[in-house]
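Order of writing sets the labels: A, B, C, D, E and F. Residues in every chain begin at 1.
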């Protein structure tokens, strides 16, 4: 695994194995807090932080823990990271903390984090683990923001409202009203919209993947059929 | 009036029965040629008891039953056996099957038949034997050997015997006509059946759309204790299970037989045939067949000798081939289409339906299932056809079985009712077959697994033993080294022989391959052969070298292998080169790049030059001759090894060879024809 | 072996527990004050919207009176608090919790600021379950209808006017939704009446010293 | 002519999918006539525009999926969806509302799932609910019936649809709305206070329901569907209404007759609940399916936020239909007990 | 006591969490020893689904090793003899998504094949016997060899080692005995209207088959 | 009293359904719903663990964390409690009923990362539930989760044989279906 290149890791986290829309992990926050961009960014940042911390920590201790207590240890590390971030957010972005509600502590059970800790960090050195955490987090956050933007735009006709919750009073003016005199399409911001739009993002990804695959198929020839065969009965002398 | 019950579902398709009921039953006469498939029913095919050239009399045994679930076959008229060969038969697959072909002599000369006046004196097993010997297979549908069905196990007490005169399918009137005209025979047959199974009651079930038949049956059955029961017309009330429910209110348990609930069911036609067999001593050699449909000028019922070709019958009834879109054996609901009118009538041919396009139009493309449930409403087995259809589409076999696919009687009511025109029954048939295939496959794979594991174990054991032995040998060798003796090898001969044999063979094949050249496909094949042979040669040489290095005792065998492969390569290359040369010299030059090929081309050029002035037809003829010789030889070998009582596996293998060669001969023959016509 | 496994594993886990606890407690201790401050500020925020800082100089959160189901007119379901805003010790306004129980989809929680002169300082909806797109316009985030109460009092408009336009009152309703504003208007009016009836207690006006501000 | 080789059965019944759909369209006609009589041309305009949008959406989806247009368009299922959705929409809806609704129906609910026959949710009801939660203002604007308010003419109806900005809609709460909102009055007072109540239910509404009942009965007679689901639904509504109706306060939810003849009850029972694609398949399953829809309709009407609950109840039960199917397999011939489930 | 502890948040937190963790760790350690599981029953179930052709096309020496690999997380689409149906069954068992067969490993051949040795060419070298994973080839050194058709799994492993290339893989031909109805074909490939069996191609295929 | 609890139950099962309205436990909802059978197993396991964890976490909070003034440790404490409950359940089930273990066993470990479990524990605190209320709320949440999971699984089995366009196959159509389900569940708004 050590040979995994950073390029590969990036590609995986951002696209090929995107935690949110490919692995379908961490769906709860994805759907719950993406009513607006600012919520999405807030939770996205929190998730990235937790992922980076937990991946690094797990990578550091990977040789100490025994199998039996592996998972609980990881969970504890994650929970600690989450709690710290929760406390910090409470101290410095209280309103956002209130909006995110229980989904902030619920980062603890975001399967992406435990999954990366167990599946990657526990087997790799610090640097790749850290990078993996970062890129997975970014991949997750990007989907969060994309979904948030789609829903906010359709649901309210504007984008980047209330950014001051996260970026201080100066950000209050960031709001862009895209459609004036817009008849809000409330479905987008209501729970059903969250599901449907996530589904549509997955569809979009499938279509793009399909295009890419077709393009690649045109360019490179397929490996020979049956090329991976082995002799069941060993070598015949 | 007896209480009759209803069953779930059912449909009311237009009956279309009156067309064929205008005239009484007509004797179809004796056609010049009769073709009798050896397999006319469920169960093992009969074994021919005659050889080509034999003269047979009407009613003479020509096919013997083999096994328990099998019935014998009799000559429908007198004549000579013309052949025992594969012929097209009435089967939905359109495949050919072994048949006995009789050329009738027109004399219609009966073999001596001895009926018995009073069958009650006969032992029951004798009586059954008579029915069996008369070749009676159920005439209502599946053609299940009647004697088997009647040989009820003693522990199953039969309470009801049902004679099935329902004839619920549209168009068909064979049983109706039989009941109208030969009610006495039926009643007599029913009495024999009653005597055999000793039921508490015997019911003759007839749908209420045949008042005339009911009336005649009632008269005939007077005083016999047989009860004629009529019930409302509905398709498929004639299905055994449905009829049993109608008449007794009981359902045959899933996977069980009617006998499990004390019922035996026979068709009216079967009953009449049993009468003939027992009272008159006549075997089953003819039956009533309805010929009907819009493409027929005079729809009517025929009494047909089994083996009569459908074309003959159709002709008699005034067949308008140009109007006909499909030819169905059986009714429009359960019947199957036959590939051509030249197939023979068999024991289960109750109807030949020749509809026009307007009458039974070509099915339009199916639409999506809208789950309307009309199929479920009409399904007599209370299944959920739409669910089964979905699962069949998704190949979800577990779910299909969960939804009781195997209780489907393939009656077609669901397809009839489906507004989306989905060929539901075909899905069920295919799925049933696939599930059965999967079961067999799974059994086989279990078997393979065991063998594989056994082999692994054996190999491990051998490995261990070898290791031990090696250790022992080492010791021995050390001891031997002191003695300093050497051994010469002697066992050369068999391999040498094998080489010779193979060489001869290869040569023959080679020439065949040569002659086959000419077409583009051939060239591709040859090219592939060259490449693959070259590759093989390389590996063979590598192997040989390795073996030599290791001093393995297989060096010689490998050497021959290498030689042979080299030879093969050469010949292949020659052939290819020649081919390219003859067909397209420009491409030949560009493609033959390797030295070896270049060399081979030159070598082959000469050979080609000699052959080139042979015309294609001549070449093909020569080819054919060679092949025929080979075929002859391997036939001989097969016969020889059969005589010698060789192992079955070997015989099988030889049979396969013969078949393959036969195929090739056939191919060559066609080529020859083509060449000649060209 | 069993014992060994148990001790080893529990020790390990305990070790991690210690580490994580240290981390958390550390963070907790260093953010404690900030958080407390934030919480207060958040609680105060709604109050401050109604009575801005420049009108008072006390901490409203610490100057409260109890209110509950027994407080006639407020229709509260549970115990709440009335906040008082003072300027130089004198109560300039109070913020009264109120409930409109007859919203379209259940109760609507409000706070109503009442000035010493009996006029409305401001109204805010705290929680509601009204239909999104219809009744939820009582929320300031969706529309500023709620601001139309500011400055009104029981005499402005006259009692008949304390209703939505459809009921011949003075307050706008929303297209397609009458029930929600109707309920809110009624609740605000009741809150004002409560303020009038309990003026003395709320504004600490003793009967005798009822000075120049009536 | 070569002989055809096909499986049995060779005969086919008279039913075709196209005919089924056309029958449903035909059966809505009495209802539409009565609707038009009481509420003006709004519904007719809705339907016309809806059909145009529906066919375009269907054609678009087919095009994108590379399917032959003619073959699929002629099954008329898109028209049925358009008819049913447009009947359910308030008359005089603006064109974009209808377009969004139909697009949700045909694209989201139908073609995302593979087109006709594969959709697990009733397309018309998906369209309706999407609109209801997205545009509640427009969706709760029912015109007052003839005799209570002025009826706009045909031109005004067209104007309402295509240039909605210039049309000033007159709206009135529907009887179910009124019933839902007033829980403190006696039913009799409610009746006398609100102009929209008629003899048994709302003015106009009762006749609309009776017309749909008639259309439904005709479909039943034509054997387009079985009686199980609609009867179960109506029975359970009536039963619940009878149990909880104390003839006094409006909090008790109204009389059985009121429930049967208001809102979309009959329309739902005979045209929505019977949608074969999205309902349970076995007869027993349909009984359960219909009855549960009835229960949900009653409960949501009386206790929930949405006065006419048919659409929600149908969607919720669509969701449960496969599960119901799993446990209501009929007893197959020759089996001891029903073989359903595991 | 409690009040006392509450005074010192650090101590309190430590006691609470460490206490919990210690109890937890003890429980887990106990469980780790006490409830250790041996073997993996899922392997047997997977192996049961694999076709046991033992052909090695999946890249493992036999079906069992592949079953173990699948249990260890390998993709389920590498067994050509099992084909789509096999993948479907595996996906069902393991609750995975059905994926198409990986054709790097070969293609599914719907018709089973049986090896056949042209015996007059066989030189009796026994290579094929060594190659056969299920011992379906009979023969002794320097004698003619033959394949027991009923035991042959059709893996074609014996073909390549044969030095004289006298082994053919014979496909089973459709005959009256093994004929059965096929599922209706889509009318044509580019438009998938659900099939009818009346499609001209379908019938011609049936006839040809 | 009884009415209160039934309101709590109905609220948790239908009106504020954990999966469709509150967005909790979505990963197992999407991941373990391909087959009805597995969904059933998961439902049973989750119901048991969720109810138990809800009650236990409530006890932990009220009798350990609150007295010690350690409210901020709730996340980590709860996750420990949940893990213990899951592990403990697994042990007990394995020991006492191998049959049940075969049905539930594989799902139990998955539950630790089901955010519905932690979510219920946290919501209990947010809503100030008493022990009994927590028990009912946990049970209601679990039943709500199980209900939609099982119905969804049955529906996905049907979708598996539908002619869904290629890019929509699998997770995408699953999501859209969940969306339409949630659309239906909006009808329950206002019931309690």
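Rule of thumb we're sticking to: contacts are C-beta pairs under 8 Å (C-beta built on N, C-alpha and C of every residue); 3 or more make two chains touch, one makes a residue touch a chain.
What you see is a predicted model; the values in this text were computed from it and never measured.
Summarising the inter-chain layout, the chain whose CA centre lies farthest from the centre of chain E is C.
Of the two chain pairs examined here, C-D and A-D, it is C-D that is joined by more C-beta pairs in contact.
Set against the Cα centre of chain B, the chain with the most distant centre is C. Annotation: 37 Å between the Cα-based centres of chain A and chain C. With each centre defined as the average position of its C-alpha atoms, the distance from chain B to chain E rounds to 31 Å. Measuring from the averaged C-alpha position of chain B to that of chain F gives a distance of 57 Å. For chain B, residues touching at least two other chains, in rising order: 92, 94, 339, 362-363, 365, 367-368, 393, 420-421, 423, 426, 429.
Contacts with at least two other chains are made by residues 68-69, 72, 76, 79-80, 83, 87, 184, 186, 190, 192, 196 of chain A.
Annotation for chain D: residues touching 2 or more other chains are 4-7, 71, 108, 115, 118, 130, 133-136, 305, 325, 342. Touching chain A in their complex are the following residues of chain D: 96, 100, 108, 130, 133-136.
Those residues of chain F lying in contact with chain A across their complex are 20-27, 29-31, 72-76, 79-80, 83, 112-115, 117-119, 122-123, 126, 166-169, 171-176, 178-180, 182-183, 186.
Against chain D, the residues of chain A that register as touching in their complex are 183-187, 190, 192, 196. Every residue of chain D that touches chain C in the complex is listed here, in rising order: 133-138, 140-141, 171, 181, 305.
Taken together, the chain B residues at the contact with chain D in this complex read 7-8, 11, 13-14, 92, 94, 170, 241, 245, 251-256, 321-322, 324-328, 330, 332-341, 353, 355, 360-363, 365, 367-374, 376-377, 380-384, 386-387, 402-404, 407, 410, 412-413, 415-421, 423, 425-426, 429.
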